[in-house]
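Below you'll find a set of structures to go through.
First subunit A sits with subunit B, and in the next complex the same chain sits with subunit C.
Up next is the complex of A and B:
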């Protein structure tokens, strides 16, 4: 830049310097106000005993001590772990469906849309339909089970099976989501590598394992992030299908927190906040792993 | 000139908006999502608007279960002028937090201290009145007369006959008792009656108020009697709502249902008539205990943050009046609280009216008599007991643990 018009030159230089921050400012402000600040507020509330309406009383870590002593907390934790493990099945299932749909036959677009449809429906609707599917007396599934085993089993009324029933309902849209991620990934596969592998007589399983899957790594990464977060967050399905029941056996941490703080019988905001903080801590572990991975990948790229 | 015009326009618009606020709009939030209560509300609002032509009612009707969470938000955030809620211990948290407006003046000027006397105690906290009750309804056992005929069972007069009848129903492939505990509260109705009949009103109130431990042998006795009919209760009650269980009763797949009178409309929608639907008082279990009944009271309140308290008080005065209560309860199929109202010809209403007027005392239902967190833990315990009666000791110990924490 010449110095013949110093004013304009320095103004342009300054503008280029602070313009990005100006563009980011509204977004950052919203993020601070609606995400960061409430996180600290929740952590703060967890040190109080508060019914949401009246005055707060300071209790320190008593809420956390009570949490350690609470059976419902351990049930919720166990259920969250079951959710996490079983939800990961959505990833290979999504890959299988994507591989199946990755062909050029007439009407394949229609089939792809139909397979993707579960993800588009609201989770509440999915939960409602599945609870009718499982319902005793008029649901289809108990009749099928009754046909094979002789007794109709109402899955959502039995505390041994209820959680698995809800997870099955959740897997349906989740598989659709992973399928779409993998379909996109499969479209971006390098055809030269596939050609080279074919010339080396690679077929079927070895082709899949050695050539296709490594190229799908970004899609797998995203699928894993979304699936883990979805499993830990699962509120809608539990709320619609079983209301946390029967007698609290399908409770997950997010639903337990809602019951304690925000629901009709929830008068313990501090206790609910403590549960939320525990859930946040668990998610933080996974989020850290993912972010470290992402940063590593960007550095290597 | 343009400045003057714009100022004039601004002033005019301001005056217009100010005058709309004075035009008398009453914002009403309530939870009558079931068909009969919805119709009763529509009639009530129409009657009120006819009697007060300068007031326009804006009615926000919420889903019945969703309202119970929504009220905690809108009482602080965007308070209506009138809000529906319940009496007794259920309104205590809002009263203690200063979210309701005392309405002693309405009670005094409209003569409610005499006319609404039976509900006065449950509307009073700290010596002040916090709302106006408009209906209460009896709970009892509704039964399908045709199911009784099919199984060859006589209407039981005491507990032993009831349990014996259950065996005959099982042989005929009919559920002796049905309920839908997915939302938890229907099971509490059964517990309340079992406890009221085994141990009496005073003990039940002491238990709800946390004065008696759940591990007390008397509580165990209630559960022991209850265990006698648990095998005959609809198997999958934990997965169905009360309306689904009502369908079972209407179709004759179940014989008895411990429910409130609001369910009669649902039974009749399912095809039952006054000839096929029967009502009986819950049978006596421990002989000699004075007969107490459940009669939950529904109410309307004025939030402390309401904008139009004047018109809200007019609404409450109208709500508590004899004609409004007669008309509303005729549609609801429930009982007016106003003792100068008239009761309809409906046999269930008449039976309920007799039953409640001759009762020793009236309980408000477990989730209104006990504080919220105890109520939730209790109702879960009742649901678990009805699915797994063998867990009774573990359940009672867990409830005792909750009691220690809740009633500090």
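Up next is the complex of A and C:
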């Protein structure tokens, strides 16, 4: 094709060599400046003692050593694990809701949108709604619990239940998110396979397990990614509902970092950065798994 | 279709399903319904302990106008728009370019750059917070809407690039090839051939990013100190502290704060869901 106009062709080739970088330049520059470099800067800061204004003092790994002796750190870490494990329930729950709604009756579209509703509202509002729902003296849930057990529980003020109360609030929008992913997945299931399986008398659970769930794998993968990332990023709800309390029992790493380095009284930049690095390291494990998986898909495509 | 279409089941199953649907919905949205009803209760209801009964009156106008009169929420909403709209334009604009570059050109570091965007998109905000706040301070943009916009544009470019790149990969490549044979310049191919085809992707990303940024709370807290730049999410937290037990006002304010993304969702539902479920069907 190019042999008729060799000169133009070579000029075009040149253009095609540098064109991608021109297209990439503005976006990449911004992303480098605000996302990639700050990661390394934070790692660097974590080796200093710094109040954010004055000079930095090199302390080596002292911040990390201090972390190992800090009870708040272990509370936060434990809570992060609880968040992660319980958040994963959003995936089967979302699938269950999606299966329930995957019908063609009148008005089902509106039902689907309304079930999805919690995801559209900000976590700040979700947090306020649940604080009200849990409120002692008048909240709906304490009344229900009181009705069955005889004692009303102030969920968010009780360090045995507070974290679970916050997680439940987070699950509400997360289930909605997983539901919408599965509804889309179910929409694209190969009907011939399903019919063929029906011919073979597959139904109910065995159909779900052997025919449907394998076909939903792409949806499950995305649900997994957003749920794990969502669980580890949890910050808004803790900040709105409990401010880390009671007695710091609902802290998670993200909130602990905020308290140390970013809040009104937080001036321990080095220590805060060290907490952020630990959280980053945990997430990096998952990010790597996700990227490897996506890379495989990319190669197969 | 799975599960079995309800029309093909026994009549009693059909009847149960018909009843179950609205009941399940009400249970699912119970917290939201509660807050909506609370937002129109007279404060005397709450004082008298009538939290769940039928409201003794409908104070819709009183409560909602009280929210605007007793707080800066009007400002906060305006601030949210001032952060959200430029971010949407910036992030979607930049990612049209980056997405195009990564989808159309073959060069050695293509996948590396692509996965840099993808991976960066997943990092916890806390590892960025201290340096980003310093950078914003040094640029003289701390405590301004511009400072927030700059960060949001940069960060959202990660997700948007992933989205745009995959969308453009799905377009017929023959279009671009034949334009190249015709000798059309690379920029003109992008602008005149590919851009018009990207409209659905742009719409989907715009509603998604609008919602993400409107609902952002962490950066709004970290980067906006004064009430004349504070977006509504951070403002809500302040109002909650101010009003403490005036739940009818907190409820009304929550509804106001949630309204713009909700309206966006219902108006652009198809695009919103297309954006959110990208990749849920293939791969």
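One rule holds in what follows: the second predicted complex is superposed on the first by the 291 of 301 C-alpha atoms of A that agree within 3 Å, B and C clash if a C-alpha of one lies under 4 Å from a C-alpha of the other, contacts with A are read in each partner's own complex, and residues count from 1 in each chain.
Here, a contact is a pair of C-beta atoms (placed from the backbone, for glycine too) under 8 Å apart; a residue touches a chain by one contact, two chains touch by 3 or more.
For clarity, every value in this text was computed on a predicted model and none was experimentally measured.
Engineer: Look at A:28 in the shared chain and tell me whether it touches subunit B only, subunit C only, both, or neither; answer first, second, both or neither.
Structural biologist: second
Engineer: Name the contact category of A:262: first (subunit B only), second (subunit C only), both, or neither.
Structural biologist: Touch partners of A:262: subunit B and subunit C.
Engineer: Between subunit B (first) and subunit C (second), which does A:230 come into contact with in this model arrangement: first, second, both, or neither?
Structural biologist: Touch status of A:230: no partner.
Engineer: Once the structures are superposed on A, label A:156 by its partner contacts, choosing first (subunit B), second (subunit C), both or neither.
Structural biologist: first
Engineer: Figure out whether A:170 sits in contact with subunit B (first) or subunit C (second), or with both, or with neither.
Structural biologist: Neither partner.
Engineer: Which partner, once the models are overlaid, touches more of subunit A's residues, subunit C or subunit B?
Structural biologist: Tallying touched residues of subunit A, the top partner is C.
Engineer: Should A:184 be classified as contacting the first partner (subunit B), the second (subunit C), both, or neither?
Structural biologist: Touch status of A:184: second partner only.
Engineer: Applying the document's definition of touch, where does A:277 land relative to subunit B and subunit C: first, second, both, or neither?
Structural biologist: Second partner only, subunit C.
Engineer: Just subunit B (first), just subunit C (second), both, or neither: which does A:94 touch?
Structural biologist: After superposition on chain A, A:94 lies in contact with neither partner.
Engineer: Quick check on the output: what are the common subunit A residues between the subunit B footprint and the subunit C footprint?
Structural biologist: Overlap of subunit B and subunit C footprints on subunit A: residues 52, 262.
Engineer: Which residues of subunit A touch subunit C in the complex?
Structural biologist: Per the touch definition, subunit A meets subunit C at residues 1, 5, 8, 12, 15-17, 19-21, 23-24, 26-28, 30-31, 33-39, 41-42, 45, 52, 99-100, 102-105, 111, 113-118, 120-125, 128-130, 132-133, 138, 140, 143, 172, 177, 180-182, 184-189, 191, 194, 203, 207-208, 211-212, 218-219, 221-222, 225, 229, 232-233, 235-236, 239-240, 253-254, 257-258, 261-262, 269, 272-273, 275-277, 279-280, 283, 286-287, 290-291, 294-295, 297-298.
Engineer: Residue numbers of subunit B touching subunit A in their complex, please.
Structural biologist: By the definition above, subunit B touches subunit A via 65, 68-69, 72, 76, 93-94, 96-97, 99, 181-184, 235-240, 244, 248, 367, 371-373, 375-376, 380-381, 383-384, 387, 398, 405.
Engineer: For the complex, give me every residue of subunit A touching subunit B.
Structural biologist: Checking each residue of subunit A against subunit B gives 51-54, 66, 71, 131, 134-137, 154-157, 159, 242-243, 245-248, 259, 262-268.
Engineer: Spell out the part of subunit C that touches subunit A in their complex, as residue ranges.
Structural biologist: 1-7, 17-18, 21, 24-25, 28-32, 34-35, 38, 46, 49, 51-52, 94-95, 97-98, 100-102, 104-105, 107, 110-111, 113, 115-120, 122-133, 135, 150-151, 153-155, 157-158, 161, 180-181, 183, 185-187, 190, 211, 214-215, 217-218, 221-222, 233, 236-237, 240, 247, 250-251, 254, 257-258, 261-262, 265-266, 269, 273, 276-277, 279-283
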